[in-house]
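Below are structures written as structure tokens.
Next come two complexes, and both contain subunit A; in the first it sits with subunit B, in the second with subunit C.
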Partner chain A sequence: MISARMKKHGAIWIVHALLGLWLVFSLLPPVMLVAASLNRTALFRSPLDLLMFRDFTLENFSQAFTRGDFWFFFTNSVIISASAVVITLIVCVPLAYGLTKISGRAREAVSFGVLAMRFIPYVVLALPLFLIFVNLGLSGSRVGLLLAHLSIHIPFATWMLVGFFDTVPHELEEAGIVDGCSPWNLFWNVTLPVVRSGVVALAILVFIISWNEYLFALFLAGNDAQPLTVGITRFLGGAEAGAEYGIIAAYAVLVIAPVILFALTANRFIVSGMTAGAVKG
Partner chain B sequence: MAGVSIQNVEKAFGGVRVIHGIDIEIADGAFVVLVGPSGCGKSTLLRIIAGLEDVTSGAIMIGDTEVNDMAPKDRDIAMVFQNYGLYPHMTVAQNMGFALKLAGVNKAEIAKRVGNAADILNLDALLDRFPRQLSGGQRQRVAMGRAIVRNPQVFLFDEPLSNLDAKLRVQMRAEIKQLHQRLKVTTVYVTHDQIEAMTMADVIVVMHDGVVKQAGSPLDLYDTPANLFVAGFIGSPAMNFMDATVTSGALVFADGQHLPAPEGAALTDGQVVRVGIRPEDLVVADAGLSTRVRIVEPTGAEIHVGAQLGDTPVTVVLRERHDLHPDQTLTVAPLAGRLHLFDPKTEARLN
Partner chain C sequence: MAASRRDKFTRGWWFILPGLILMAAIVGTPLFMGFRYSLHDVFLYSFHTQNFVGLENYRRAFADPLYVNSLRITAIFTIGCVIISVGMGILIAFLLNARQVKFRAMWMALFLIPFVMTPVVGGIAWRFFIWQQEVGVLNQVLTFFGGPAPYWLLDRETALWATIITNSWHLIPLATLVFYAALTTIPDELHEAGRVDGAGPFQSLWYIVLPMLRPHILFVSIIIITSAFREFDMIWALTGGGPGRSTTVLSIFAYNRGIANQDMGMANTIAFTMFIIMAVVAWLYITLYRKTLGDKA
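Entry: the complex of A and B
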């Protein structure tokens, strides 16, 4: 007799098998990237050879640092991404909070206007921004690239933050008002702490979007402001050697490592449920 | 401590008037319950006293001070919200001390006053916890603690028990009442639950559609409701109503049965009145109104009988045990002096 339990057992087994497949599917690219970065020649090896490190070397990494001018690009990436986070938060947190305080049509109009900016593909913005920046002398500067990034971040972040602030129950602010909060106190000591984890998560997202951004950098960074995503392209091809996949792989590992470390350390902030228990239960 | 005086207060949101000229005098130290169905304006009135809404016209006095244009924090009030309104990122102690901290009270004093309030409410063991680690009843106590710590002139409660389960509600009801007896701070309490109002209040203010229908002690309202609305709203099971015509000193019902009209009411022959009788004021009798039993509900302490007088449903609550069955005839009579007569048009009390 095939009991219900055995049927259930079979179903679980199938689910696990599917999950396993999915795991391999999603982990294979990054694993292959790391493997390729640690082998001498990546291109003509079979994946199995690469995974067994038949031709193990750290040479690709030292090449990436020396020939790749890694620290130059890294500095640009850090400065642009970090500034993008700071400025986005300074602009968008008050903006979004303010939007949740106005009601009706005005709010919808502003919210839609902000969101509508998101409809524009970046590539449409890149060329006009380039022409404008050339005229303003901002082309090839970190400031110019940063401004381009902000044109993406600000609408996106504002829209996210309005959503966060909307989850704060109005009774919480009323309790604050009765307790004697000034408007600033209300914002800083009552409402903002409640959405803190959301703000931190957003900051990480903004950082990662800036860190990975390529298109604007290609158009606007000139020579002096190039971030890592552009830096990697110098190994893509050249008269002498063709694409150097081992170095590209090493470089790519170096590009994503800080982001992964950053996300892992900040992970504890990205815990929802801060508002649990504030209201009802 | 201070009383609260609500003087001809009106409130409109946009063009919609929700409060139509309300006058209430709340004595120093009184426990006043604003009660009424949802949408009657009771919460709005409380928020006006708190300063979370402004008045369209009229005045709010706390003690001898008109507070119309004062910020909530300057009114010397504390409020307990339906959903508690605790700050989720602060511990119980920080929640309770927040108002004092904002007011610039020094740390030692804050700790002392928070400690006192925690003592009163049995919260000592919970001071370092966060709201999310507390049960509903504990959260409600913290919300009260936050109010007590400030030592205000007036406590305002906005349906504080409606998120609690039935058993806890009864328990917290008693706790709030004891708290008031101990602190003797003027309290305005909003609820839609007439049992809460009856059990807790010194004075009940019944509101409906933005006006005060009647204000008085719980038993006054119960014994002599001033109008049909209060008569029907206060009391559970609700009062029975049936229309009767006055005919030479008797109240004649639609099916021809009649009762002697109570004395002291100015009635004229042919006048139609609405007769109100509370379910527990009907007793089994040899002569009186003959009703047909529809349903019998023993609750242990009492028997609730759903019956019919002609076409009108009548509820009878009997304290003695009777062997009753559906479809049998039950003759009941009202206790002397317990008939309520109302004018069906003006809804006002006639006796």
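Entry: the complex of A and C
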């Protein structure tokens, strides 16, 4: 009896120790970034020095804001990510809803097409878009970059939303039809409210994907539409020597702050969104 | 009856058509043009003169040892990421699902951070603070125990493995999340029955949990294959494809050919072979998935 209890306690201890170890591994890179951003650094320092804030300063942040066009990159990132969310929702919510209303072959064919598009490597789209945009005069514009983002968001969002709409029971709409609702009312007032949290989850994920996107920006942003992810790589040349290293860390912290805040506060939505596809093809 | 059926038909399609047309235009146009460019000689410095060369670009690509090398590196990178992510994902999910663990939502929220963290920034953080030869955490720990202090990212032998581990760090949360969600649906009675039969934690992992996770393993694998196969950001931030060409995956190779060498015909050819490889993988996945579902039914 005693040994069984000890064994049980031992098991709890081991499980928590392993989870804690994993947490350290997961969070070490962002924690080191924060530590480096809050220390005065002209040269590389040992991790312990950084973590104990031996040379605490906020100077790096004021430098990151004033040098290197932070607000220019920030504005581009915000405009592109926010527009991507709005347009993706306007396009994909009706599209996914409609897909659950048609039946048989047609639905299967369209769903297959949408799923297939999710497998396309980004570089396959980015390279031709580069030339297409040069021809259309869209290279280096936010509109062009936004279109590129939509080419990955729309298949992803449609596929995910179909999963949410499929969970709405048919009886709900049938009751609406008996009450004489118009097709638009059925969609807007009957079904959409049921999947509201799914739509929120999708909006957050689309924002995060756009915010984090780098490949399209590198290919298509030119000089005028560069987002934060391109902005930070601008610093890297000087960083190898250790020169601007604290400022880069501060800059990096500013780039990841919004997505990490999302991850912590809107966690419930992100989890539901990411596991939504796990049970279906 | 006929009228209501037609109503039902048009009702769906009115919602679908605008989005479908936009999607076809926005994805179909670059895909078609990419294929078209791959059949032409297109150079950035004079891209208005495009000579049709048929499959010549494809022949040149497959004859190019650098392309074959890049294909090999992409395969190692992708398979490495899948094995590590699926393995660690199951393990962490299994630990998190242990009966005694409290505050599971909080653990999961913190575990998710590497997944949402901007990959370029993740790459920079790992390069400066973990892999860095002199003051990186890894070498600080190694030398503390009297170990060596290699140049992880500057050595051809280790750079690819360092990028695989870094990218797995980014992808494992996704795997953990899906497996954890699946584990919570396994009824307690099953574990109970296992315990009564004298199964320890490892037996229950192997004989009870893994068989039930089979469709989820397939699902996670395909997502990770898709993501790792096209990965650019993380590797670019860590090594830029170097040292030498030891981490030049196909995405980076295509970028180098197209933007740096200005050979857009060849770049699009490389990209289109990636598309074909992914199409085959997607087809395999859908076939396998139907079979797995068939087994269960």
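Everything that follows uses one rule, which is that the second predicted complex is superposed on the first by the 248 of 281 C-alpha atoms of A that agree within 3 Å, B and C clash if a C-alpha of one lies under 4 Å from a C-alpha of the other, contacts with A are read in each partner's own complex, and residues count from 1 in each chain.
Keep this in mind: a contact is a pair of C-beta atoms (placed from the backbone, for glycine too) under 8 Å apart; a residue touches a chain by one contact, two chains touch by 3 or more.
Nothing here was measured: the structure is a model prediction, and the numbers come from that model.
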item: Partner chain in contact with A:G180 - subunit B first, subunit C second, else both or neither; value: first
item: A:I120 touches, of subunit B and subunit C: first, second, both or neither?; value: second
item: Which of subunit B and subunit C A:R196 touches, first, second, both or neither; value: first
item: Which superposed partner A:V24 touches (first subunit B, second subunit C, both, neither); value: neither
item: Touching partner for A:L172 - first (subunit B), second (subunit C), both, neither; value: first
item: Subunit B versus subunit C as contact partner of A:A109, first or second or both or neither; value: neither
item: Residue contacts on subunit A - larger count, subunit B or subunit C; value: C
item: First, second, both or neither for A:V86, with subunit B first and subunit C second; value: neither
item: Which superposed partner A:L58 touches (first subunit B, second subunit C, both, neither); value: neither
item: First (subunit B), second (subunit C), both or neither touched by A:L136; value: neither
item: Those residues of subunit A which subunit B touches in one complex and subunit C touches in the other; value: 274-275, 277-278, 281
item: Residues of subunit A defined as touching subunit C within the complex; value: 8, 11-12, 15-16, 18-19, 22-23, 25-30, 32-33, 36, 44-48, 91-92, 94-95, 97-102, 110, 112, 114-125, 127-132, 134, 147, 150-151, 154-155, 158, 183, 187, 208, 211-212, 214-215, 218-219, 229, 232-233, 236, 239, 245, 248-249, 252, 255-256, 259-260, 262-264, 267-268, 270-271, 274-275, 277-278, 281
item: Contacting residues of subunit C [partner subunit A, same complex]; value: 8-9, 11-16, 18-20, 22-23, 26-27, 29-31, 33-34, 37, 42, 47, 92, 95-96, 98, 100-101, 105, 107-122, 124-126, 128-130, 132, 134-137, 140, 169, 173-174, 177-178, 181-182, 201, 216, 219, 226, 229-230, 232-233, 236-237, 250-251, 254-255, 258-259, 264, 267-268, 271-272, 274-275, 278-279, 281-282, 286, 289-290
item: Sites on subunit A touched by subunit B in the complex; value: 169, 171-172, 174-181, 185, 189-190, 193-194, 196, 273-281
item: In the complex with subunit A, residue positions of subunit B that touch it; value: 50-52, 71-73, 77-79, 81-89, 98-99, 102-103, 130-136, 139, 146, 150, 163
